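Dropping a structure here in structure tokens format, bear with me for questions.
Letters A, B, C and D name the chains as they come in the text, with residue numbers starting at 1 for each one.
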Amino acid sequence: MCNHHVSIGKVEDHNDSSIDPRIFSLHSFALLLLLTMNFDLPPELLQYLGALDTFIDREIRPLQAKNDNERFFDHRRENARTNWDAGGLPCEEWEELLKECTRLADQAGFWRFSLPKRYGGQNESEGRGSNLWMSVIREHLASKGLGLFNDLQNEHSIVGNFPDIVMLLHFGSEKQREELIWGRLEGRIRITFGLTEPSHGSDATFMDTKAIPEIRDGVNGWLINGAKKWQTGMHKATHCFIFARTSGASGSLTGITCLIVPRHTPGLTIESYQWTLNMPTDHATISLRNVFVPSSCVLGPLHSGLAVAQAFVHENRIRQAASSLGAAIYCVNESITYAVSRAPFGKPLATNQAIQFPLVELATQCEMLRLLIRKTASEMDRISHVDVEAQLGDKVSMCNYWANRLCTEAADRAIQVHGGMGYGREKPFEHIWRHHRRYRITEGSEEIQMRKVAGYLFGFMGAGKGRPTKL
Amino acid sequence: MCNHHVSIGKVEDHNDSSIDPRIFSLHSFALLLLLTMNFDLPPELLQYLGALDTFIDREIRPLQAKNDNERFFDHRRENARTNWDAGGLPCEEWEELLKECTRLADQAGFWRFSLPKRYGGQNESEGRGSNLWMSVIREHLASKGLGLFNDLQNEHSIVGNFPDIVMLLHFGSEKQREELIWGRLEGRIRITFGLTEPSHGSDATFMDTKAIPEIRDGVNGWLINGAKKWQTGMHKATHCFIFARTSGASGSLTGITCLIVPRHTPGLTIESYQWTLNMPTDHATISLRNVFVPSSCVLGPLHSGLAVAQAFVHENRIRQAASSLGAAIYCVNESITYAVSRAPFGKPLATNQAIQFPLVELATQCEMLRLLIRKTASEMDRISHVDVEAQLGDKVSMCNYWANRLCTEAADRAIQVHGGMGYGREKPFEHIWRHHRRYRITEGSEEIQMRKVAGYLFGFMGAGKGRPTKL
Amino acid sequence: MCNHHVSIGKVEDHNDSSIDPRIFSLHSFALLLLLTMNFDLPPELLQYLGALDTFIDREIRPLQAKNDNERFFDHRRENARTNWDAGGLPCEEWEELLKECTRLADQAGFWRFSLPKRYGGQNESEGRGSNLWMSVIREHLASKGLGLFNDLQNEHSIVGNFPDIVMLLHFGSEKQREELIWGRLEGRIRITFGLTEPSHGSDATFMDTKAIPEIRDGVNGWLINGAKKWQTGMHKATHCFIFARTSGASGSLTGITCLIVPRHTPGLTIESYQWTLNMPTDHATISLRNVFVPSSCVLGPLHSGLAVAQAFVHENRIRQAASSLGAAIYCVNESITYAVSRAPFGKPLATNQAIQFPLVELATQCEMLRLLIRKTASEMDRISHVDVEAQLGDKVSMCNYWANRLCTEAADRAIQVHGGMGYGREKPFEHIWRHHRRYRITEGSEEIQMRKVAGYLFGFMGAGKGRPTKL
Amino acid sequence: MCNHHVSIGKVEDHNDSSIDPRIFSLHSFALLLLLTMNFDLPPELLQYLGALDTFIDREIRPLQAKNDNERFFDHRRENARTNWDAGGLPCEEWEELLKECTRLADQAGFWRFSLPKRYGGQNESEGRGSNLWMSVIREHLASKGLGLFNDLQNEHSIVGNFPDIVMLLHFGSEKQREELIWGRLEGRIRITFGLTEPSHGSDATFMDTKAIPEIRDGVNGWLINGAKKWQTGMHKATHCFIFARTSGASGSLTGITCLIVPRHTPGLTIESYQWTLNMPTDHATISLRNVFVPSSCVLGPLHSGLAVAQAFVHENRIRQAASSLGAAIYCVNESITYAVSRAPFGKPLATNQAIQFPLVELATQCEMLRLLIRKTASEMDRISHVDVEAQLGDKVSMCNYWANRLCTEAADRAIQVHGGMGYGREKPFEHIWRHHRRYRITEGSEEIQMRKVAGYLFGFMGAGKGRPTKL
């Protein structure tokens, strides 16, 4: 914050005596802006949301309407997407449809929005493609409800999110970036993220998977043994990012290395797919038995692989929070509309305070949370990616745990307000509840995130480590 | 309560002067019992629970283990039970399995337990088959978790619940009872309950379905037009209980008549099956266009059909409450066991207060709610079935809304405590949440039931109408 | 429970062949009772409540109405009771009034109700004076609202509670019992309870107060150094029960001894009185500097003094729970009455669901909690006082923490429902909130009690130590 | 919002071809600011907070430290402030101290900050003295805890809040403004606000106080009969703003007139002072019996006096919200500090999740609420005072009800975290709870405010009346 103000202060130093009078007015105008907090979305961003809406209406909704593709979104959605007899994996038709949607979005210039320009994106640190813009976009899309344009169950969206690419951008060698990023964008490569294990989730540093140095056929490399769980996208993966302990004691933050393991490496076996509350599944449990990879497969710093895992966590959490907020807003809006139109006992449902008050509390939270997400995203945009954890890790977690809880609560309330219809699958609330319920567990469980906020507040962690934080 | 004590008081009047000394001791013993509240389950009931457990272990679990019947209960359960391509209806194999289980339970003498002796049951007003016993049994069975012995999704249980038969017992003509009750018990008859409509749920008295007198082929009868929603079991029904307005204004409590409509009566059409959060569905929306039934199809008093609908509502609500309590207990017990065994970061999950405290609050509620259910059931057993609404309707609703909320909360907490595994389908918590979430809407939504409790408290309804109730 | 049933089983063995037919009917009657749970209060207890009400109306209310004694209960109560200039201690007139009330209650035979007959009481293990009876009486009195008959701020009641006497009964030497119990009952003796310290509350086992053996003037005894906080009643105390570490390490459960220290022993100094949210205060902080007491002042087992502290804790907690329940009931009842009579905007406040629903939830909890308190009290009556901790400690804590929270919530809700009037002191809700708020901290804070419940559930403590408890 | 952007757009139109290059950079800079949301407080405002802190430390704290003035703030505060024997009114010494503090603050230029320059203030629509600045200042002062610089019990602050002056500014005649505003600022005038009545609070439009036209001694005027309650400051008042129905039916929004009644007008009698949870009281109940005032005493439009009452309500509510937020922040900060330092059982209290998690949830809400208050205040600053109700009334209510609830919850949590010490009066939490508890009732009860938010959401009220609001 201080630096920011210093740089602003410098503007005034540019003044000299022989000055065009128009400078004064502009100058005053600039200063006025400095003196005013600004809670409005930038006009350019509002225009971008409009452009997205237009694109959705012109290209995506027609695609969704074709060939009974609606089956993937209406009451039949879960079954239509799931190939029950193939282990509960996603149907081919469903994945093809998502691909086609992505192709259209890419062609229209939206999909790679958050990526650097050299990869076809538009990322600027504080404008287009920034965390603030992405948060607003994610909220906006989710607040429109279920649709082909933004399907959170698959983390699919016309404006893409690329955790694996971000890791590669930050940590990949040139060769890794060249091969994997381009492959990923062109659809040839798909990568899983292998941190969680059957016996270790929140406590990943206690992982059982180990890699030891081995020379095979004269090539230096690593021999991996262990297992990984919740390997999302495994059925189509070409590569796995496998985190393994390469040194240090169980529980230590250092000594973990990230290894890029091609899918068909001998010894890597898919043991099962986990069926969850929201089907289809593509979450595999895999085993690694004497899997060998050459040293060129190490991603990022040896023994400091957790940095790779951390590279995207905050960006992902703030976007997830924004999505949950958007979905919550959708649920509240739909509930209000329904309560106004439905009139049991001859008067609108909306006249009952038992209907009103819970929605009032949800709406109040939506308004408040939205601002904390935007403020946090905006502050993330001002600092380097590696400083985010120490300076904003707690705020990101605040946004995330509150948003995910709020969304499940809003979806649950929408079910209740809509009564039998809300319990039915014709309304999307059950789907929203089922999906966002997952976020309270998987992107750092809410307990883990609240523990982190506590860590910052009480001085156990964070930039102010050693002294409690003042609010 | 007073009457009860008066009748007990009479015992003392039997005393005379020439008395066997043993009478004194027994008499004192009886009086001692009168002076002591008794929160223990009757020993005979405990034995009965033991007998049920033995039967389950000997006959039902082996059946569940045969022929991959486990697919109906393990992670595959939703798909295994659902015939997605046949409108989402239950699979034949699933329904056959339930039938076979019922046959075994009937043969062993358990199924008809709550029915009168003349129908093969064991019902006594305050003992076997009573509301108290049924509550304890339902809680016990649900607390054992998912299993063929008691599957709430289908309201199937080795100890049967018979809403339709209870209505027939109270209101059926001799002919109706003869035909429908026996047919029902022998599996030839299956009846749906037609109160709710597409536009009217809680406000059933505003129903749009109307019946007008008509003579057809010289037979007096009724011509029915309208529609009904949430007709559970319609796919196998032989008869429908259809409630229709036969007189009076929309919203009036009188003027509604219950009509028994054979399934294949011309004009009765199944329009759709509602897909819900918990599949399969057997909840039909039906239309009735110029459906004619003869006067002999009237069930219960003409224009006072709501009494028929009310006949079973309290028994059903208290049993449902007991089932939800049992399921909540199961979720808490499983969470405790898991938290003790799982040790992230090298110490048991159970040592975290964020794990402990929510379970402490749930466990406390289980202990408290259990007693209110048993007390209410026990008081229901002391009074006539028609007096229950005015005297205990509020207490039944208290039990019901609290139990259903508690159960969904406990299932949700179990999901959270179990983390990724809790979100998965290998654990039954998601299934429990999805099923019991329905109870908060369908058996009188929780708002409707809380409104009723308020009605009694504030003196708008109930036995003390006109003055607020003292707690 | 098992033993209970065994003894009941024996009744049947008394049968012989030559039996008076009346035996059969009585026998059947007794058995019938055994087979029926009984949630009704014993008629004798109901009569006793009636007798209390009559006594209150005839003797206590007139006393309260005399000489503007109402000032101690109406909006002036806090000031009328407090001698602000004398350190915030209770006024003499206030304490005299309580004494006079106690004298009347003692004379009428109510005050010593819970004490053994040899001390003028009526205690029977499972009847009069039992935990069950005391719970019902405490709930009843508190549910009548504020009054001279039962003033919880001073733990004053026409039916007395005697923690210190109970400790003496269980642990006192004959001489200690003779002197202190009779002195206490006759008003000559008043004792404080010295466990808590300035730096140790919940963690009393870490106490800083130490006693070491010393011989003074040839008398064996103990030299005490330390400090105690929250010494309630210190301004009138004649003796202090001082717990001090006499052996063992800080934190150890053994090595603490209870010493009876006469008030005017040299070295015992009152340092201050703590002013609290609810005035007056009589809660002293005292220091002990080289305080010597002879060995005859040891109360109970040397080095095992915590047993003395535990002697009354469960009885006290269950009674406190019952009082909080009663006060909660009072708040709910008053709120209902007010909401029915007040009609803003021309319709009763009671018609608003925002008024109704929170009261419905409170009323439901009152009904449930009442049963758990009675069941727990009744089970305490069946077992020996030393077994209560291991077998029922968790249930007692469940009752206590839930009751205290419920009461503060109910009082807060009553304030809100009554609006400006509820915030005023003319209504007693603010006083009730302020008093019962203390119970959430002082009788084992709610966190300590929830931790204990968790200890039993997860198998860390209690009779089933080592394995999780099944609900 | 649109207008704002239009005016911004116009800046670009000033561009012409012959432009000083420096314009470009400044222009770009201005545009960049437009493109960036700005959640930072203006530097000038931060400086102002610093100036306030300095002033407090230099002038106010020394005054508080003098002559045992600390008795008004430490554990003795309630008694020190209250003249119990004079009906519970504030002590003279207490009121004199506040006056002296105000004099210092006025002299230093802080007190009149929010008033227009012609009255010695610094008000600018969007900068100094604006709603945004006042919100930030109020939050800042309250977050510093109890002190002479800002005592909310008396709505006293070194930066003054002037509801009555705001009403006069908007609605007073020149003569009224001249006399009353200057008198008020110079301490000669004190005014009460008379809307609420003994039987009407939230439903003020149903008021019983009536005024009818009367000519007395040839002077046209009004004859007032009725009563008013909660007349804060009555003991020192020189004038009362009395709202009376002058036409229209009970319940109608029009037909109410505001009349300025000098304190000693015959017929105006103080009936009593209401003692509340937080003493002293200066809240009178007054009666008006045939009180005559001349027509010149009408304040604002005849029959449309509610506009006068509304003139300040939103400014007051947002400032109150900010104060409650500040007090909540204080409670959370203090709790964190205490939990880090207190170490029962040998480890910091802060390591318990039962301590951590509730504080995490409170801290999260503080962060979120702060932003909604600032955004709402900032939007209020952009529009005309009369448009606030229709355009922002719901947002102001959101801030208010959430802030007041949050503050009482935070104070209650601080009591619990601090244990016995928190329950004591040495800590200020009990005082904070007691004061802010009032805000949930008196500035529009939280139910009234939630009903308003619902009115906007569901389309019953507000700018979008007739259609539900989209979040």
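Just so we're on the same page, a residue touches a chain if its C-beta (ideal position, glycine included) is under 8 Å from a C-beta of that chain, and two chains touch if they have at least 3 such contacts.
Just so you know, these numbers come straight off a predicted model, no measurement behind them.
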item: Identity of the chain that, by mean CA position, is farthest from subunit C; value: A
item: Higher-contact pair (C-beta pairs counted), B-D versus A-B; value: A-B
item: Approximate Å spacing (C-alpha centroids) for the pair subunit A, subunit D; value: 41
item: Chain centre separation in whole Å, for subunit B relative to subunit A (CA means); value: 43
item: Chain centre separation in whole Å, for subunit D relative to subunit B (CA means); value: 54
item: Subunit B, residues touching no fewer than two other chains; value: 352-354, 356-357, 450-451
item: Subunit B residues within the subunit A interface of the complex; value: 75-76, 79, 82, 84, 88, 196, 200-203, 206, 229-230, 251, 274-277, 279, 344-346, 352, 354-355, 412, 415-416, 419-420, 422-426, 430, 437-438, 440-442, 445-447, 450-451
item: Subunit C partner contacts - residues on subunit A that touch it in the complex; value: 352-354, 356-357
item: Complex contacts: residues of subunit B adjacent to subunit C; value: 1, 4-5, 11, 14, 19-20, 22-23, 25-27, 29-30, 33-44, 126-127, 132, 143, 329, 332-333, 336-337, 339-340, 350, 353, 356-357, 359-361, 363-369, 371-372, 374-375, 378-379, 395, 398, 401-402, 450-451, 453-454, 457-460, 468-471
